[in-house]
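In this document, chain identifiers A, B, C and D correspond to the written order of the chains, with residue numbering beginning at 1 in each.
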Amino acid sequence: MTATAIAARAPTFLEEVIARTPGESHLERCIQCGTCGGSCPSGADMEHTPRGLFALINAGLRELVLRSNAPWYCVSCYYCTVRCPQQIHITDVMYTLKRMAIDEGYYTESTARDAPEFSKTFIDFVESNGRSFELGLATAYHLRHRPLNAVGMVPMAVGMLRRGRMDLVPTRIKGIKQLQAILKRAKELGGAK
Amino acid sequence: MRYGYYPGCSLERSAAAYHQSAMAVVQTLGIDLVEIDDWNCCGATEYFSINLLPAYALVARNLALAQDQGISNQLVAPCSACFLNLTKTDRYMMESSKLAADVNEALAAGGLHYTPGTVRVRHLLEVIVNDVGYDAVAARVSKPLTGLRVAAYYGCLIVRPGYGGIFDDPEHPTALDKLMRVLGAEVVDFPLRAQCCGGHMTQISQEVAFEMIRRLLKNAADYEADVIVTVCPMCQLNLDAYQPNVNQFFGTDYTIPVLYFTQLMGLAFGASPIELGIGKEFVDARPALDKIGVALPLTEAPRRPERPKEALPMPRMEEE
Amino acid sequence: MNEERIGVYVCHCGSNIAGTVAVEEVAQWAAKLPNVVVSRDYKFMCSSLGQELVEKDIKELGLTRVVVAACSPHMHERTFRATCERAGLNPFLFEMANIRELDSWATDDRAAATQKAKAMVSAAVRRVVYHQPLQLLPVKINPNTLIVGGGVAGITAALEIANAGYHVYLVEREPSIGGHMAQLDKTFPTLDCSACILTPKMVDVAQNKNITLLSWSQVEAVEGYVGNFTVTVRKKARYVNEEKCTGCGICIEKCPKKVIDEVFEAGLGYRKAIYRPFPQAVPKYPVIDTSNCIFFQRGKCKACQMFCPTDAIDFEQQDQILKLEVGNIILAIGYDTFDPRRIPQYGYGRLANVFTSLEFERMVNAAGPTGGRIVLRDGVTTPKSVAIIHCVGSRDKNYNEHCSRICCMYSLKFSHLLHERLPDAQVYEFYIDIRATAKRYEEFYHRVLEEGTRFIRGRVAEVTDAARMPGEEGKLIVQYEDTLIGKQRRLPVDMVILSLGMEARRDSREVAQIFGLGCEYNGFFIERHPKLDPVNTMTEGIQIAGACQGPMAIPEAVAQGAAAAARVLSLISQGTVMMEPVRAHIDADKCSGCRICNNLCPYNAIVFHEDRKVSEVITALCQGCGACVAACPSAAITGAHFTDEQVMAQIEGMLWDVQPQFAMTSMETR
Amino acid sequence: MNDSYEPVIVGFLCNWCSYRAADLAGTSRLHYAPNMRPIRVMCSARVEPQFVLKALREGADGVLIAGCHPGECHYVDGNIKALRRYELLKRMLRQLGIEEERVQLVWAAASEGNVLADAVNRMTEQLRRLGPLRWRETVLGGDAQPEERAGEMMAKEV
């Protein structure tokens, strides 16, 4: 071919987000209608509505997007996903933004910085036991990040214990070594931290 | 009918009553739920936020176990979040051969392999409604829940986004309404039936979570429900255990008990409250359950006010 | 092997082809192909200079075959056939290689595109050798026309043709013509009274001697082809003798059975079991709806019959089956509105004060169920606030991906009417984009802005009665994101109007099947060309007009009706039409009489002669699909212009650069 | 597999839907693999098994047959006939040891240029992975003429 070739351009932020979302996210299709922002149960408390985030992504404003509390306020209710007239996998995109915010460290600047800590605490328990452990999770997380809240949560924790709805010790699966090996391999493959 | 059973972490402890009542009910209905051995946590809504491939691998280990243990090619999950994660993993592994290959490479480190599409994951409610059927349920009802006003609460993940196939309308589901009516209960209109209970927001921003819980409680109270019935341990936990906190936060005084649908099924089948785990809830269900069988006073009257003669015709909801 | 003399012409099409394909190289290469006596490349083959080049070569070099490598045959096959004909060569001794749409425009790999162009030229050269001279088939045109659908498009077409002096059968499924337009109150942006401008045309239809109006009738079958269709129409029993009925309406008055009128009143009002959809209905005769008539259901009543002054009620009437002979057909079956119950979060059917746009049209109409008063479902309360939601069922991949094009404008019209009738009410328009793109539309938008309607940019997420806050109790709450400020908000209102999108008729696929047309994925009929042939279809002799082709407003539907009529009139005045001679033919000597082809033919064009035990194709009925040709085990059927040897030669030509796999693998030769 | 290997596909496109889809793909400048060489037929029902086998024997690595969507055939149901014939053909190809991916049937409406382009891309990719069709080795193990066999088989089963 004789036409002059232009050097391959770097992917836009939008393309990066799309590439990191499993399956066909269709994020490029967004028509900014706001159905997602109107449907979101926690939308009123988000710094940016999902639609707003997508506009920022399209504009390439990386920091603003990855510092936003919006992805962390996503409750995975999938209302936006089923209502989106462009069938964009919005909830999946929110998960992608969370992972990118962690990878790039921006989440620490978010007003929702506790959320990833909660997720991490949760995962720590799962990775060491194979099951989640509510008492340990609540205590560890609240003592570490919300000492004041921890006090407030005491009556509920006591209530849970009294009703036999909470364990004092975690359950551990038999195949924990197997699970850990799987997760270790997955992390290597995913190239994640 | 024999199925694999994936109870999920909640049903081990915080939602033990769900497990207990489910076991009692399926026994009556002649369903065999066999727990898969040594299953692990599905990662809830947390793992996908942190690290993608391990999150899929975590879920896929359960699918591989279910596939290898040969109990059944169908796996029943009573928890909506587990149901979502299991169906999502299976679906995306089917859609993306790259993902399937990566996940299987990870599983291989534990000597496992999962072929996408081998295990069909189903929610307990869907199994009861579709495989057992309303008629068979009706046939077991010995103590109808007459007089009990129920708000049928679906929450999100059992109807959305439908990774395991569409089982009911994602906006206006009705399967649980029908089931409750079969048990003899009176089902109230509950517009927020498929809205979110707040999920993990209770851990992240209580203001946000409590507002979401309040909306649901208010809506159930507005329609004079005696009890909210749920299909998910997370929904039950948020609406029940946090109800006192919500009241405190907003200065409200809701006392609406929140039960699992299997508990009400058990009661209608004649099981004792104790064996159904009733009594473990924060908001005492006894005053509400005392209404069962009590003929309602005149407040039952016409549900809609008399329509004036000038009134215009009202469109029907179902399409002819 | 034979003496054909082929001329090959490779078109540059400016840079459209030459930019990607090395056209000179292709032309030089083609010169060496067998039988090619001349091969040229030229800037624009379709120009008169390009065509003259071909004509000159035919005459001077004695060409017997011509190949033009240029654009799609759908674009210029006719052009070059005419070129050949002018130079005295049978037009079917020509073949076109599509190296533009299928090659130069579909890749930017110059080497591959050139290679592919060579393959296509070589295929055409090898194919054209086997071409045979053919003649177009003349077919006589029956001057009668069938028009299906009596909405504004069908009415317009019918009047155009009838006024030109030709006969029209106008078939309408409902008891009256008028269509959706008769239901509307005002038309945007001029605010004409819809009925006032339509009813005179309806009366013209009733009075025109050249129009046979068949209302309460449906087409059941169509046979034949352009010029000569035979149409089977079921004229449903009205149970009213049209000869005797004077249209006085006493029967309707006396009928004791009231039914919700789901069609004309859009579910907002009532009609009787014997009814006429609206007072100006054409024809004026009522019909009895047997599923609601007390006599038909329970055997007693007959009130209508007792009171009829002319004894016109006939409970014994039967459906009639009519056979119509027509030369042309115009389909103008219109559209359906989207069913909003498919979007449960908008509450239609559950929340009383959510109305559809069609309900609102009837409500504001002075002749409608409320006498033009704008009220809530209770029939008395006047709303203080109204939210109009755009794009309901449109621009949404979950329902209809297309924009319905009229909803923005009629929503603006609603705003205007609300301001006019309820000056104190606050009106909100929830929109994604305001699409006011035709003459005087944008001006109308500005007028509504000035009247005080509040425009909120955001597609509504849900309409609910679940109050969260004190101010919301007893109201409909519209939840949305105001996308211009990026905030989620809730707005309590008294009334919500859903601006429903337009869909193809729910039975459009069945209609298409009956008439042998194509439908798009969304059910709208496919036009022959979206730009240059918008009312014609791929089926000769069948035109489409109005919203059955796609969402459109009244002026476009009228224009299409008239355009379709013009097409029909031009065919009628030609008297005959020339048809492509792509037809099957059975060689009686080779036919084994197995009859496999008989059942394969979708047009029943193959008959079997019991006496001679052979099958024969009725040329006039054959449409040339070739299904029988491919199936014939004795190879006794030839498909003209698509014969086995032509296609086989084409295959060989296409694969000129790959070795037949007898000796070597393709790897070694490339 | 040799990197420079490019499969050649012969495409039979019906005049009313898929050929127009291909026209539209070009008009919309949708770039797709240049590996498909198009032959126009009036209807997919015209495509005889002999055409397919001829193409494969003449050196094509694959054959694409494209028609209108079911229910949208210009000739009522020609595409359904093509589908039936295609199923039989597949069975025969299996007996000949030819991979299923080498002969494909797709539906593309006149408005679906992208569908056709995607089908060509997908098939080209599959054939690149499969490598060249070695007719001599795969098919001519036996000596019967596959085209003739095809004709007999179809006649019996249509």
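Keep in mind that, in the parts below, a contact is a pair of C-beta atoms (placed from the backbone, for glycine too) under 8 Å apart; a residue touches a chain by one contact, two chains touch by 3 or more.
Keep in mind it's a predicted model, so treat the numbers as computed, not measured.
Peer 1: Among all the other chains, which ones are in touch with both subunit A and subunit B?
Peer 2: Touching subunit A and subunit B alike, sorted by label: C.
Peer 1: Consider the two chain pairs C-D and A-C; indicate the one with the greater count of contacting C-beta pairs.
Peer 2: Contact tally favours C-D.
Peer 1: Return the distance between the CA-based centres of subunit A and subunit D, expressed in whole Å.
Peer 2: Inter-chain centre distance comes to 46 Å.
Peer 1: So, what's the distance in Å between the C-alpha centres of subunit D and subunit B?
Peer 2: Result: the chain centres lie 49 Å from each other.
Peer 1: Approximately how many whole Å separate the CA-defined centres of subunit C and subunit D?
Peer 2: Each chain's C-alpha centroid was found; their separation is 30 Å.
Peer 1: Specify, in ascending order, the residues of subunit A that touch 2 or more different other chains.
Peer 2: As it turns out, subunit A has residues touching two or more other chains at 79, 82.
Peer 1: Please list all residues of subunit C that touch 2 or more other chains.
Peer 2: If we look for residues of subunit C contacting two or more partner chains, we find 108-109, 345.
Peer 1: Where in subunit D do residues touch two or more of the other chains?
Peer 2: Not one residue in subunit D touches at least two other chains.
Peer 1: I'd like to see which chains touch which, written out pair by pair.
Peer 2: Taking the chains two at a time, the touching pairs are A-B, A-C, B-C, C-D.
Peer 1: Can you list the subunit B residues touching subunit A in their complex?
Peer 2: Per the stated touch rule, the residues are 9, 12-16, 38-41, 43-54, 56-58, 61, 84, 92, 95-96, 99, 102-103, 105-112, 156-157, 160-162, 170-171, 195-196, 198-201, 203-208, 212, 241-242, 244-245, 279-282.
Peer 1: In the complex formed with subunit D, which residues of subunit C make contact?
Peer 2: Where subunit C meets subunit D, its residues are 72-74, 98, 100-109, 112-113, 115-116, 119-120, 123, 509, 512-513, 516, 518-521, 526, 538-539, 582, 594, 596, 600, 602-603, 623-627, 629-631, 633, 639, 642, 644, 647-648, 650-652, 654-655, 657-663, 665-667, 670.
Peer 1: Which of the residues in subunit A come into contact with subunit B in the complex?
Peer 2: Touch residues, subunit A against subunit B: 20, 22-23, 41-42, 45, 72-73, 75-79, 81-82, 91, 95, 98-99, 102, 112, 114-116, 118-120, 122-123, 126, 130-132, 134, 138, 141, 149, 152, 155-156, 159-160, 163-167, 171, 173-175, 178-179, 181-187, 189-190, 192.
Peer 1: Which stretch or stretches of subunit B touch subunit C in the complex?
Peer 2: 169, 171-172, 191-192, 215, 218-219, 222, 307-319
Peer 1: Could you list, by residue number, the parts of subunit D that touch subunit C in their complex?
Peer 2: 2, 4-6, 8, 10, 16-17, 19-20, 22-23, 25-27, 29-35, 37-43, 45-48, 50-51, 54-61, 68-69, 71-72, 74-78, 81, 85, 109-112, 117, 132-136, 140, 151-152, 154-155, 158
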